[in-house]
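You will see two complexes here that share subunit A, one where it goes with subunit B and one where it goes with subunit C.
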Partner chain A sequence: MTKISFPQMGDYHIPATYLLSHIFPNDKIINAPKITNKTIELGTKYSPEFVCTPFKYTLGTMIECLEKGADTLIQMGGGCRYGYYAELQEKILKDLGYNCKIINLVTKGQTNIRRINKLFKQINHKYSKIKTIYYSFITLKMVKYMDIIDDYIRQNIGFEQKEGSFEKLKEEMLNEFKYIKGYRNLYKTYKKYLKKFYNLKTYKPDKRLKIGIIGELYTIMEPFSNYYLEKSLAKHHIEIKRFTNVHYLLFEKAKEYKKYQKYAKEYFKYPLGADASDNIARCKFLCENDYDGIIHIKSSFCTPEIGAMPIINKIANTYQKPVLFFSFDSATSKTGIETRLEAFYDMLEMRKEK
Partner chain B sequence: MYKLGIPRSLFYYYYGHFWQDFFNALKIDYLISPITNKKIMENGMKIAGSEMCLSLKNYLGHIDYLKDKCEYILVPRISNFKNDNQTCTNFWAAKDIVNNLFENKILNYNVDIQKHQTLKKGLFKIGKVLKKTPLEIKKAYHYAVIKEKKRLKKNHQINQNKLKLPKTKILIVSHPYNLYDELIGKDIIKYLKKRKIELIYSDKFDPKITNKLSKKISKDLYFKYSKDNLGAIIYCQNKIDGIIFISSFPCAPDSLANELAMRKIKIPYLNLVIDDSTSFTGLETRLESFLDMLGGKLND
Partner chain C sequence: MKDCYLGVDIGSISTKGVIIDDENNIIASSYIWTEGNPVNSVKKLLEILKEKLDKNYQIKGIGTTGSARKLIGLMLKANIVKNEITAHAIGTLTFYPNIRTILEIGGQDSKIILIKNGIITNYAMNTLCAAGTGSFLSSQAKRLGINVEEFGDYALKSKNPVKIAARCTVFAESDLVHKAQVGYPKEDIIAGLCKSIVLNYLNNVGKGKKITPPIIFQGGVSKNKGVVKYFKEILKEDIIVDENSHLMGAIGIAVLAKKNKNGNTYSLEMKNLKFQTKAFECNHCSNNCELLKIYRNNELVDSWGSKCGKY
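Entry: the complex of A and B
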């Protein structure tokens, strides 16, 4: 019996656990513990000096998973050096004395069915392919529904009448998603909760602030790594627009890139790696529409985003829109972020009153 | 006013001689920016974002030097060389960054073999912009390619000959744009040469050989220049006494690839990371102790 585990990101551990537990019913899936300060400390201690922060987070989680008894870890990769994490992490863990196997499903931002089949066979030789296809379909739909609801929450959570109502309902929904039986059940649950979310009372003033968040994908999707930025924005009654989510990365990115390139052709001609070129186009989109400010977040040493930053700055200058750059590291202090955020918020308020 | 400006940084150290041959054959007067000095570096730091890697800051400094002196500036984009051979994402972005930060006309070609954009196609495009006929470009291209091949063979031979010498030999694993730059890596080379140590440069091997050899250290690595470097380690593993890794501060591929190599090799090594505030005195002490550690078999 293999004990499978994986580093987590946001709420996406729920669909991932759902999928794995149905593909490998005889194996045990160990849920990674929530990321805490201890996780980052562990990760930073054993990571190379100037690697980007997601490496440290995932390595920290992996160590914690292995201590809980896991022996097979699943890792994904993006289009930048994210795709190369797995090999070095495996070596570091082996040097630390853990006996584990890392399975890298995506390298260089590309993957194919044959590769996944080969890798799944390494976990359990007798896994059912038909079940895999069926449950992958359900999982992908689940991710899509989660992203739709998350989008709705982000736009409205700042204006809720009863404090904590959105979060409570979301938790309820995610709990129900864990025990879904079949696609029809999923769809019904989704519709039920969508209605419930629409029925939650909100008060949206006309003169509300709107902010777009762009940036590197891991930091943007894992709330602990951005110090719950979205939550603190919601406290200030701000409407948030965020583009990146897993559904976007899996299905829309390839399609959308051509559109983005046409839209912002005066600013970039070639892909800059990972999400950088998308972010440039999004920045232009936010500037041209009635958004009041832009927040760009990334983990420190994220090379593609660093390349995009001067260009984003230039766009913001031409459109006269404020941009706030955050670079998150394991050593970033929370008070520092809050102070900057507050100053940014005050500035937006003053601009709005003018 | 020169027709074309070539910044002496990043791409120059891979393609510099090739470009010179090519543009000489086309009879275009070009200007190569001078060897990096303090002023160029400081200008680069002012223009660049604070988090960019030292080499890219340096590159922007060189472009800043050229901006009033030439009509065009040559900024290629080099993305990949087929079969899992990507370059650093800064190489992908260089053209767009320069285009946005400076108002000069840019002469650009794209090497992206996965999308069938080759060096040859790119140079033909450039030749057209410079108003040369296809025949002239073709001649110049072939002339430059043949010379490049000869140079590669010669460098490889020199390195091989060095490996046979009965001296203390140290392999330097670094990207050429860091290693040969006056303000980044030159001091280290000068110091080691003063101590009469035979230096073998990882970038001077034939990449066709070293690229395949890198599989012995790393299976999944897909950064071309890092692959070449790691292959060089395997190539001369048994013939050298030590390895020195040199990288510029937040270098993305090096941070992972070098770390893996350091964990896998069994030869004494030294890892030097060079920052904009690194002083040579600090490096000197570390180099000295490394040489002492290699034992009393120094050459003098």
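Entry: the complex of A and C
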């Protein structure tokens, strides 16, 4: 029996666990513990100092999973430094004396069915291909529905009448998603909760502040790593627009990229790696539409985003929109973030009043 | 009885208090060192202000700003607690409505605020390093055996400031030591230090920001004539330094307290107030949050630092 585990990000461990537990019903799926200070401490201790922060978070969770008894870890790789996470992490874990196997499903953001088949066989050679296709379909739909609902929450959570009503309902929904039986069941549950979310009472004033969040994908999607930025924005009654989610990365990115390139052609010509070029185009979009401000977040040492920052600054200067830059690290002080955020709200409110 | 409003700015190095009347005139002000104990220094500050204040005035609003704003806000039951960026901008705009750029160098942080038509359009704060802040200057002054207050005069004497590698405080210090051991005169080293503060500020905080005149320079470091001189030289613009430049944050928060007055009357009597904080670590989960419980006259008023909301 293999004990499979994977690093986590946001709420996406729910669809991932769902998928793996159905593909490998005879193996054990070990859920990574929630990210805490201990995770990042472990990650920082064993990572190269100047690697991007998501590496530290994922390495930290991997160690915690191994401590919980996992022996096979699943990792992927994207189009920036994320591309060599799996190999480097495997080496670090081996050096630490853990006997584990790392399954790298995606390299440089690309993969194919034959490769996944080969790797899945390594986990359990008796896995069913038909089941895999079926449950992958359900899981991808689940991710899509989660992202749609998250988008709705982001737009409305700042204006909820009863404090905590959105979060509570979301937790309820995710709990039900864990035990979905088949696609029809999933679709019905999704529709049911969508209705429930629409029925939650909100009060949206016309003169509300709207902020767009752009930046590096892991830091955006894992709330612990951005010090619960979205939560603190919601507390100040701000509508939030965020573009990056897993559904976007999996299905829309390739298509959108061409659109983005055309849309912001005066600002970039060649891809800047990872999400950097997308963020430039998004910045232009936010400036041209009625958003009051932009927050750009990244982990420290994220090279593509560092390349995008001066261009974003330039766009913001042309359109006279304020941008707040955050660089999150394992050693970021919470007070510093609070002061800057507070000043940002004050500034946006003053601008709105005038 | 006339109304007045108190603004307190508790910074890392100094604590500033200002009392203004309805026309924004300063009727009492004080500037003392924080010495790592904001609660005590504020108590001391209030004693000084109480003596300076005319008996005809009653305090109708209290505002706090600076890095200890939340704590002191609880202690004084302030009606407004705001960050120092907003406070500085509001304070400056009350006296200089046409200002476009505010340069501010304080004890542990430095900021730049860009203003257009009386509203903040952009701002930045130093992110990582203390090179280019007041605490670096004061620690170097101590090392050289000079009072920080005299620093500027020394710098003005120099005709040939030394070049200092000022990317980082630690390297800057070793470079300073080296320059001193090689035999450069003290004035030149001090002038070089002042210049390095300016360069660091412009390269770090002011990066990518368009500095448009009129420019005002504030914060404790603005009292240093050397730094002002090099700002003028490097920016090639005139720099305004108000005589109350070190109090601008406190003035701003007092103005905000006036705007947000709620009819309550406050007293400056804090001598007998028992204000305590207790720190402990929660071991409930592996977050190991550092918690701080705050007691006002032995009554728990707030606790901070919890990630899960248990406290």
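To be clear about the criterion, the second predicted complex is superposed on the first by the 354 of 354 C-alpha atoms of A that agree within 3 Å, B and C clash if a C-alpha of one lies under 4 Å from a C-alpha of the other, contacts with A are read in each partner's own complex, and residues count from 1 in each chain.
Rule of thumb we're sticking to: a contact is a pair of C-beta atoms (placed from the backbone, for glycine too) under 8 Å apart; a residue touches a chain by one contact, two chains touch by 3 or more.
All values derive from a computational prediction rather than experimental measurement.
Peer 1: Subunit A superposed: clash or fit between subunit B and subunit C?
Peer 2: Aligned on subunit A, subunit C fits beside subunit B.
Peer 1: Which partner, subunit B or subunit C, touches the larger number of subunit A residues?
Peer 2: Higher number of touched subunit A residues: B.
Peer 1: With the two structures laid over each other on chain A, which partner does A:327 touch: subunit B (first), subunit C (second), both, or neither?
Peer 2: A:327 contacts both subunit B and subunit C.
Peer 1: Going by the contact rule set out at the top, does A:45 touch subunit B (first), subunit C (second), both, or neither?
Peer 2: neither
Peer 1: After the superposition on A, what does A:307 contact: first (subunit B), second (subunit C), both or neither?
Peer 2: Only subunit B; A:307 stays clear of subunit C.
Peer 1: What is the contact status of A:276 with respect to subunit B (first) and subunit C (second): first, second, both, or neither?
Peer 2: In the superposition, A:276 contacts subunit B only.
Peer 1: Could you say whether A:204 touches subunit B, subunit C, both of them, or neither, answering first, second, both or neither?
Peer 2: The answer is neither, since A:204 touches no partner chain.
Peer 1: With both complexes overlaid on chain A, does A:191 touch subunit B (first), subunit C (second), both or neither?
Peer 2: In the superposed model, A:191 contacts neither subunit B nor subunit C.
Peer 1: Quick test of understanding: once the structures are aligned on A, what is the angle at the Cα centre of subunit A formed with subunit B and subunit C, as a multiple of 10 degrees?
Peer 2: 80
Peer 1: Where does A:268 make contact in the superposed view: on subunit B (first), on subunit C (second), on both, or on neither?
Peer 2: first
Peer 1: Note down the smallest distance between any C-alpha of subunit B and any C-alpha of subunit C in the overlay, whole angstrom.
Peer 2: 5
Peer 1: Determine where on subunit A the residues touched by subunit B overlap those touched by subunit C, and list them.
Peer 2: After superposing on chain A, subunit A residues 310, 327 contact both subunit B and subunit C.
Peer 1: Which residues of subunit A touch subunit C in their complex?
Peer 2: Its residues touching subunit C are 33, 36-39, 310, 313, 317, 320, 322-323, 327, 335-336, 339-340, 342-343, 346-347, 350-351, 354.
Peer 1: Looking at the complex, which residues from subunit B come into contact with subunit A?
Peer 2: These residues of subunit B touch subunit A: 48-49, 51-53, 77, 79, 84, 86, 88-90, 92-93, 95-97, 99-101, 110, 112, 218-223, 249-253, 255-260, 263-264, 273.
Peer 1: What residues of subunit C sit close enough to touch subunit A in their complex?
Peer 2: Interface residues on the subunit C side: 67, 82-86, 117-123, 125, 127, 208, 210, 285-289.
Peer 1: Which of the residues in subunit A end up touching subunit B in this complex?
Peer 2: So the residues of subunit A in touch with subunit B come to 48-52, 80-81, 83-88, 91-92, 95, 104, 107-108, 267-274, 276, 300-301, 303-304, 306-311, 314, 327.
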